[in-house]
Amino acid sequence: MQIGVVGLGRMGANIARRLMRAGHACVVHDADPATTQALAAEGATAAGSLAELVAALAAPRTVWVMLPAGDVTESALAELIGLLSPGDTVIDGGNTYWKDDVRRAKTLADRGLSYLDIGTSGGVWGLERGYCLMIGGDKAVVERLDPIFRALAPGRGDIPETRHREARESTAEQGYLHCGPNGAGHYVKMIHNGIEYGMMQAFAEGFDILRNAASPRLPEEMRLDLDVADIAEVWRRGSVVTSWLLDLTAEALAADPALSHYSGHVADSGEGRWTVEAAIEQATPAEVLTSALYTRFRSRQDHTFAEKVLSAMRAGFGGHREPK
Amino acid sequence: MQIGVVGLGRMGANIARRLMRAGHACVVHDADPATTQALAAEGATAAGSLAELVAALAAPRTVWVMLPAGDVTESALAELIGLLSPGDTVIDGGNTYWKDDVRRAKTLADRGLSYLDIGTSGGVWGLERGYCLMIGGDKAVVERLDPIFRALAPGRGDIPETRHREARESTAEQGYLHCGPNGAGHYVKMIHNGIEYGMMQAFAEGFDILRNAASPRLPEEMRLDLDVADIAEVWRRGSVVTSWLLDLTAEALAADPALSHYSGHVADSGEGRWTVEAAIEQATPAEVLTSALYTRFRSRQDHTFAEKVLSAMRAGFGGHREPK
Amino acid sequence: MQIGVVGLGRMGANIARRLMRAGHACVVHDADPATTQALAAEGATAAGSLAELVAALAAPRTVWVMLPAGDVTESALAELIGLLSPGDTVIDGGNTYWKDDVRRAKTLADRGLSYLDIGTSGGVWGLERGYCLMIGGDKAVVERLDPIFRALAPGRGDIPETRHREARESTAEQGYLHCGPNGAGHYVKMIHNGIEYGMMQAFAEGFDILRNAASPRLPEEMRLDLDVADIAEVWRRGSVVTSWLLDLTAEALAADPALSHYSGHVADSGEGRWTVEAAIEQATPAEVLTSALYTRFRSRQDHTFAEKVLSAMRAGFGGHREPK
Amino acid sequence: MQIGVVGLGRMGANIARRLMRAGHACVVHDADPATTQALAAEGATAAGSLAELVAALAAPRTVWVMLPAGDVTESALAELIGLLSPGDTVIDGGNTYWKDDVRRAKTLADRGLSYLDIGTSGGVWGLERGYCLMIGGDKAVVERLDPIFRALAPGRGDIPETRHREARESTAEQGYLHCGPNGAGHYVKMIHNGIEYGMMQAFAEGFDILRNAASPRLPEEMRLDLDVADIAEVWRRGSVVTSWLLDLTAEALAADPALSHYSGHVADSGEGRWTVEAAIEQATPAEVLTSALYTRFRSRQDHTFAEKVLSAMRAGFGGHREPK
């Protein structure tokens, strides 16, 4: 099939590459002309503008937008709406807030356009490993674009089949899934990332304790000097915590068990926050997913005002002076 | 009555003073002779050693030990055991782990000595305001020493009577309570401090959010520039959160709404940790008390290894570089 | 002054009463005519409709709306907008979301109407104790209505003055405060309630541990049989956790130390949720306020799906069967 | 090699089987003679008592004890100490508290006996998949018993090699690791299980939110009806959360997306609790691992006393009655 790809960052460029490897034709555009040209050198058709990109596609067109969530995506969509024709489809593969998808899908439907929200997991590894796709939108559109999704997804690979799924017919085993109406794709991706935060924090705390087992804060006879790199490695085989995140941790610890290249400032993206919001709207307790988020907030501050309030109270009732 | 007081720090000295004001006779000892002499100048009998202190007391003796929990208290007790006679009583008014009280009480009982564990709340304000006393030990001993406790405790004051307590006979209204056998005093004090941590953290987080309502991290039209000092003050009257901790917060914020004198490093004492341990032994969930403790742990570190593990994973799957 | 009061539930009726006691004239309306008449019998002017209420007030009018947050308040406001005249003022004293205040204030301003958002704390005790008022809106309007606020607020009472406030000029010492522009009143009230949740949960967990100190889950020699009612009472004097919430807890435990009349289903109102949302928007960690909220969510379910997922995993890797 | 195996439950029996498959000779004993005989029928040498088992082994003997942690293991060890000879080795493969290992190792060393503490992960799948072994004890003993560990461990399998480990010489790639001196094996296993709890809870909360996306607590237009079984399956390929725990969840949800066979009562074993204790001893914040533990505590109660305390306070200040 033919498809337009807008936004050729780490994710967008590799999506185009993986599609081309599977024989699909990509018309690509990035705000940076050099980036666009680089991909043209790999076989894509370069478009200097969204208008050029739309013009280079045969109807019914499909345009995959892979831009940072928020204003950048929003304005690209606004421009595309003016350029596309009824029957065309816009895909937002970025990390968009699912309620924005619901709103946008209505706007596009008013113009006869289709909209798919696709949560895309795979990071820098997607080109080789394939992308896990969580898709929201109309069933007919999703089915028509099946070759695109099949090409991007990892496929069955050598992952063993799940028991009790014998009777199910689903693309889930191929690594892509039509999750429901518009919004459902990014909703599922949002929760995926919420879980990811929780899992990451579980590993992070565990390795923190392992490393601090040698802490001088402990009585000397209770200290253990553990090799966190070897521990991460041994858990990769046969243990209950085997996971891709553990593989990545093992690699990082093998390179430097002290992880001294990392500042410890940890960014967070919208999905973690929206997951908490979704939990609260439902009155679902989500202690672990929320704590994982707050830990990141805290990591980016020297000290919180909260901590100073604690010190001030302690000075007030006990005359304690906190050491600087 | 006559009583020995060992350890004349902030708490011990004021306990002696409050007892003397009520007409009790204090024999006092501190490792620092100058401190001992200072209190002698206020009417106490100075003792240069534990032996002198014991010698200056008439049997049955009562010695109130007010030293830092742990080794210091433990060795003072060991020395006292050798000096005292059957029928004498040792009081540990410090922040001792309740299981240590149970063990010690048995050791002392073997020598015919009585032991009381007394959790003492009141901080630097106790001299004027009185000390809230939580007492563990034998009933007969507690009753014999009632005049001591009555003198130290705040008394009824102008605090309104609690409904439904009309039929109860208890010293609780006077601000001291025989909580149970040995260990019970420090157990109740431990939970008191656990709750204190939780309440402090609740205020700390609330004021943090109030202050950050003006944060440049927010869109400009959503920012609010709030006067945290006035807010603390207004809540002191008629609101649900009125409390002594709020009074102290209001005072600190009135002096400096930015609390810029405080580093934000927050110490924790054993009680917060033992509270969590007690909760876990019982399988009682204690989210808030535990989070309040962990916040203090975090406040004393630049960055945790956990945070670096998070950054390393993010670099692994997404190529993210965390800003230094 | 003359004021209209709409909504005569627990809070609205007592607000009218407290205003009348201070000599203000109240025109009152409730959806239930009997409720309206009951307050008329106490000296208020009854209004059978909002139109009657507006007609009975002299310009510039002030109408205090005290209705459940959400649709009920929203539609009362919509009706009032059509009835009032430029220069009139609407007060929302309920628990409204602060962003709704910002929106509404603009709508009313377009019609020449003023709007105040007032967070009102005091519960069923406000009539006698006074209401702590947190006010958002235009300074001039707030100053004009000062007699109303002064009458409702608790006043200085016998609460000691806060040190370092000598130079401040503020109504905060009277128990009411102009917090800032529209939204600021309910924002401050929202955080107040967030803190309230955290403090409540701190007490709740602490008393849970105290009660479970006698749990058969513990080895027999480690059990303590503690009197939670007396402990709550003794803490009311001289301890660090003295607070109104402790007073209320002491009363409830004095009536029944097992609290067997309570189901343990705990409701939550919007403020707790919005507090978490505000924290997340700012990237302020708020572990304790959030955990306090989640505990309430959990209290209203028999079991969560999350717990079943845990059991299913345990069965999967360990063959564990969870007891029914 | 020849080895004794004591305790033929799910884990012990499969350990013996996997050793025999690799050509090792097992002398086995279980408190239940029928269980012992069943394994004898598979090729093991049956021992009717510990004395028989010791007698059937040639010196230097190795006895793998695989019993429930605590008293059962403790008394088996006490009996074995009396039966074994200097140079013999006892392995505790159960879930023992690491400080008990340190203590025991000293006791055994006094008799000339060696002791290894081995954390064993793999559950019911270990027979086929191999066991991940975390070993604490003397290097010489660990090296001598290498054939045993190599036989039990999963081996390299088809798991890709970790980058940056090229220069390392370690058995970690085989799935077993000498972690350090006595205690280190169970310490590492303890943290493994702590992480496991956190990861499980992350998945549990995520699937809870996915399922509640259709909750009637939400406004109708915001509901999503998601297929949790298909979502679990799609994440198994290419997503960041791929893991063995996800595989197990996918299987359980495929069998019954409502998981209606599970009560939701979730047990916890010592490791989760000891992990929190270790964190607190080090002053390492461990929010997520602790919350995961508390969630299990809460799952086993109808209501906590804490929740009733909350309701009682709410009744006190607001007149709220919580619905039964």
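Order of writing sets the chain letters: A, B, C and D. Residues in each chain are counted from 1.
By our rule, a residue touches a chain if its C-beta (ideal position, glycine included) is under 8 Å from a C-beta of that chain, and two chains touch if they have at least 3 such contacts.
For clarity, every value in this text was computed on a predicted model and none was experimentally measured.
In this assembly, the chain whose C-alpha centre lies farthest from chain A is B. Looking at A-B alongside A-D, one finds more C-beta pairs in contact between the chains of A-D. Once the centre of each chain is set as its mean CA position, chain A and chain B turn out to be 47 Å apart. Rounded to whole angstrom units, the spacing between the C-alpha centres of chain B and chain D is 39.
One finds 31 Å separating the Cα centroids of chain A and chain D. Shown for chain B are the residues in touch with two or more other chains, namely 123, 201, 203, 205, 208, 212, 240, 244-245, 251, 283-287, 291, 294-295, 298, 304, 306, 317. Here chain A touches chain C in the complex through residues 240, 268, 273, 276-277, 280, 283-287, 290-291, 293-295, 297-298, 300, 304, 306, 317, going by the rule given at the top.
Interface residues of chain D facing chain C in the complex, by the touch rule stated above, are 10, 123-125, 200-201, 203-205, 207-208, 211-212, 244-245, 248-249, 251-253, 259, 262-267, 287, 291, 295-296, 298-299, 302-320, 322-324. Considering their complex, residues 99, 121-123, 126, 129-134, 153-160, 162-165, 168, 170-177, 179-181, 183-184, 187-188, 191-199, 201-203, 205-206, 208-210, 212-213, 215, 217-218, 222, 224-227, 229-231, 233-247, 250-251, 254-255, 275, 278-279, 281-289, 291-292, 294-295 of chain C touch chain B.
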